[in-house]
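Below: the structure, in structure tokens.
In this document, chain identifiers A, B and C correspond to the written order of the chains, with residue numbering beginning at 1 in each.
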Amino acid sequence: MGEEKAKLLPFYLVIDVSWSMDGPSIDAANDIVPSLLEALEQNPILSDKVRFGLVDFSDDARVQLPLCDLLEPNLFVPTLSTRGGTSYGVAFRLLRKQVELDVMQLKADNYSVHRPVVFFLSDGAPTDEEHDWRSAFAELTQYDRQSKVGFPMYPNVIPFGVDNADPVILQSLIHPATGNKQMRMFLMDKGNTPAEAIKAMAEILISSVLSSGMSMANGGPGVVLPDPGQLPAGVSSFTADDEDFL
Amino acid sequence: MTQPLAIDGAGLRAGAELGRGGQGRVVEVLGGAGRPAGEPLVAKWYLPSVDLDAAALTRLVAWRRSLADADRSTVDDIAAWPRAVLLRHGRAAGVLLPRVPPRFSIPVRLPSGSAGQVLSELQFLIAGPDLLTRRGIPDLDRPVRLRVLARFAAAVAVLHNHGVVLGDLSVKNVLWSVAGGEPAVYLLDCDALRLTGTNPAVRQPNSPGWDDPAFPGTQNQQSDRYKVALTVLRVLARDFHTRDPERARAALGREFLPLLRAGLSGRPDVRPAASAWREPLSTLSEEGM
Amino acid sequence: MSGTVSGGRHALRDPRPEVEPVAIGDPGRAARAVIPQPDRRFPFRPAIVLDGVRIEGSSDAGGLEVRAASRRGLSHQYYGTTRQDEFGFLVTQDRRWLVVSVADGVSAGEYSHRAAEIVTREGCTRIAGLLTGVAPAALDWNAVLGEVSAVVVGQVRAELDLPGADLRQVADRAAATALFAVVAVDPDDGGGRTVHVMSLGDTSAWLLHSERETRWTPLQAVKNAGAAVASSATAAVPLIPRELPPPVAARLDQDGVLVLMTDGVGDALGGGTGEVGDHLARAWQRPPDPLNFAAQVGFARRSYDDDRTVVAVWPTPAPS
């Protein structure tokens, strides 16, 4: 065995660009990456490690910004625009392929790669068949350590729901749902506007990238999400077994 | 004035179409606004179906410009490195490349019987004498072949030292020339190369028969090393398909056969660097003369 | 000793070389951009400690040359938190053995640097005490680690005023890996020395032979080899496992170097076959000036921002 060039922490932001996101919501979503970039510019410890990718999805899913170092010079951050329905299945399938390609390539280039983190932002219920997106999600997230069946590079998934997103469905996308590395989801409070909620979620995402990065860099447990009591106004967080949003 | 990394393709004056392939088409650039002056250029326009990573393409263009003058000139001598990203309606859709220097074309008899020019691909150093005779392509003797291979290994070594991964390295995207004395090589399809730790602009699967068993789903400098060894073997054995190092025993001798075996090893960490081939190949070419 | 000052040996030395920052590969942004912040909680704990000594052998045999450096990593500099690594070494009363230790305080614990201090100091002291009665091969490592853990628990309870804290609560605040090596000061009849190593957690011991084809030989399994994605779980004092990893005995030849390091260096070194391994092997062919040694331990390399600690032990040639 040789040596590694660097230890990298991959984050993917997956954004629903269905028609319903049009207007202030998509504008707020488009502000997420520039804000994250600004935060990373202030933190050379993390910017040496964080790799970030942007995927959007509607009836199809597209890699809008392939996994990269956001502070790389000449990087062009794309502007997302809305285009159709809400197929969760295509998003999960593209992610499965992309995470595997990215992690395999970085490992082949002798980088040490941490388990990826996916932030999944949606404003509506999936428009594709449930069995279809459920099986795509299982292919993305399921792995059995004993039998080594499944996807060993499975990401941690943190769902963000605004507007008409279905809390029960998003809750089922929290991964891992249980155990000591349990993730959470974040939902817009009733009465808030989606654009305001997305701005709050951008804050959560950035604080999570910064604190997870710091934790992982220090050999900590991995993904760190903001304390439920410390969230920006207008959003709340839930675990996979909470029921109080019903 | 700083040359922009991306230019609008609409401003280019297009000439003849030079080629068409699975990824897109290549046209001659006769002139136009914003293009780097002083060298013949071609425009490669990707098909809409090609998944193009604009950031990666920009990275390649910017990387070349960031080199010291001497390094850039070395890279330009051995590789058709992207000069600028081409935009269509504001989106990356193509790439401006240098035109292949004339010394890397050879006159041939086309299968139709008429005379033409083809790029002098490395595969012509593998093809058997019958085919070469039929096409009117010169058959190089072994010392010259070895010198071409030494230049090839040196070219890969230069790029590897700069952290470049060649990826889909095969005898179709390496050109050679013996015109004007010293042999030279020239690498094509450099828009598909990548810098270590970053994505390629376009994902290029391995050419058939040029895969590395140790890296079935990905490409890196270690798979490049394997392909350098495979190229040495196939050119010396004059066999398009072999992976058996013993076939080059006569050409490499007892001294250098272990280098080839190591290069083709299933254990990537024992494969010699591309630079390790330069001396042995040069030495052998001198012995043979 | 009335009226006389006992002195040490002296020799003409080369003038101190200039110390230059070292980079291996891509240094990353942090190495040039981070402005080191003090840790206001622990103002008297230095960010860099280093040492360089020669342990004299008995009259006609060689001795050992020791270089040690512990540096606060870029991450701790940036966040204004103290260095959590530590080293320690001492020679037994009978001057037969050198005992060396390196410890890495577990990041999550606010007082883990205390655990690292206790591991290295108490550990070396206790091992040296035991070596008056037993050979290194017969050391009772369970007793050593158990006693060291007990000191950590006692000190943390006292210093943090947590008299009722249980083992887990103490470990949450202060925990450290523990690596010990015992080396004979004099070579044996074969001209080499047997080295005994005990390692709990991911601090690692290596034999370095700059002139050989395999330069870095690990004295324990390499971390994360073969894992799909990297993980960082590690064992640490005071939570010692019921079954300790077996102690390792290895041979330190006259042309070898024993190198003990925390994972701040070990992670970058990997298996030792890359550019980090090459660079350090070249730098440590001979014992460098201690200031240069500290600069080499602090090499810049993208994303490797953890604390760094190395103790290296060179056999000195027997006087001819």
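Simple rule for what comes next: a contact is a pair of C-beta atoms (placed from the backbone, for glycine too) under 8 Å apart; a residue touches a chain by one contact, two chains touch by 3 or more.
Since the structure is predicted, the reported quantities are computational estimates derived from the model, not experimental observations.
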item: Result of counting contacting C-beta pairs for A-C and A-B, higher pair; value: A-C
item: Chain closest to the middle [Cα centroid of all protein chains]; value: A
item: Centroid comparison with subunit B (C-alpha atoms), farthest chain; value: C
item: Cα-centroid distance, subunit B relative to subunit C, in whole angstrom; value: 48
item: Separation of mean Cα positions, subunit C and subunit A [Å, integer]; value: 39
item: For subunit C, residues that touch 2 or more chains besides their own; value: 273
item: Residue numbers of subunit A (touch at least two other chains); value: 1-2, 5-6, 110
item: Subunit B, residues touching no fewer than two other chains; value: 269
item: Complex contact set, residues of subunit B against subunit A; value: 5, 51, 53-56, 58-59, 62, 165, 196-199, 203, 215, 217-223, 269
item: Residues of subunit A touching subunit C in the complex; value: 1-8, 43-45, 47-49, 71, 103, 110, 112-115, 152-153, 214, 216-220
item: Contact set on subunit C toward subunit A in their complex; value: 25-26, 28-30, 32-34, 74-75, 78-79, 106-108, 222, 224-225, 228-230, 232, 234, 267-277, 301-306
item: List of subunit A residues in touch with subunit B within their complex; value: 1-2, 5-6, 63, 65-69, 72-76, 100-102, 104-106, 108-111
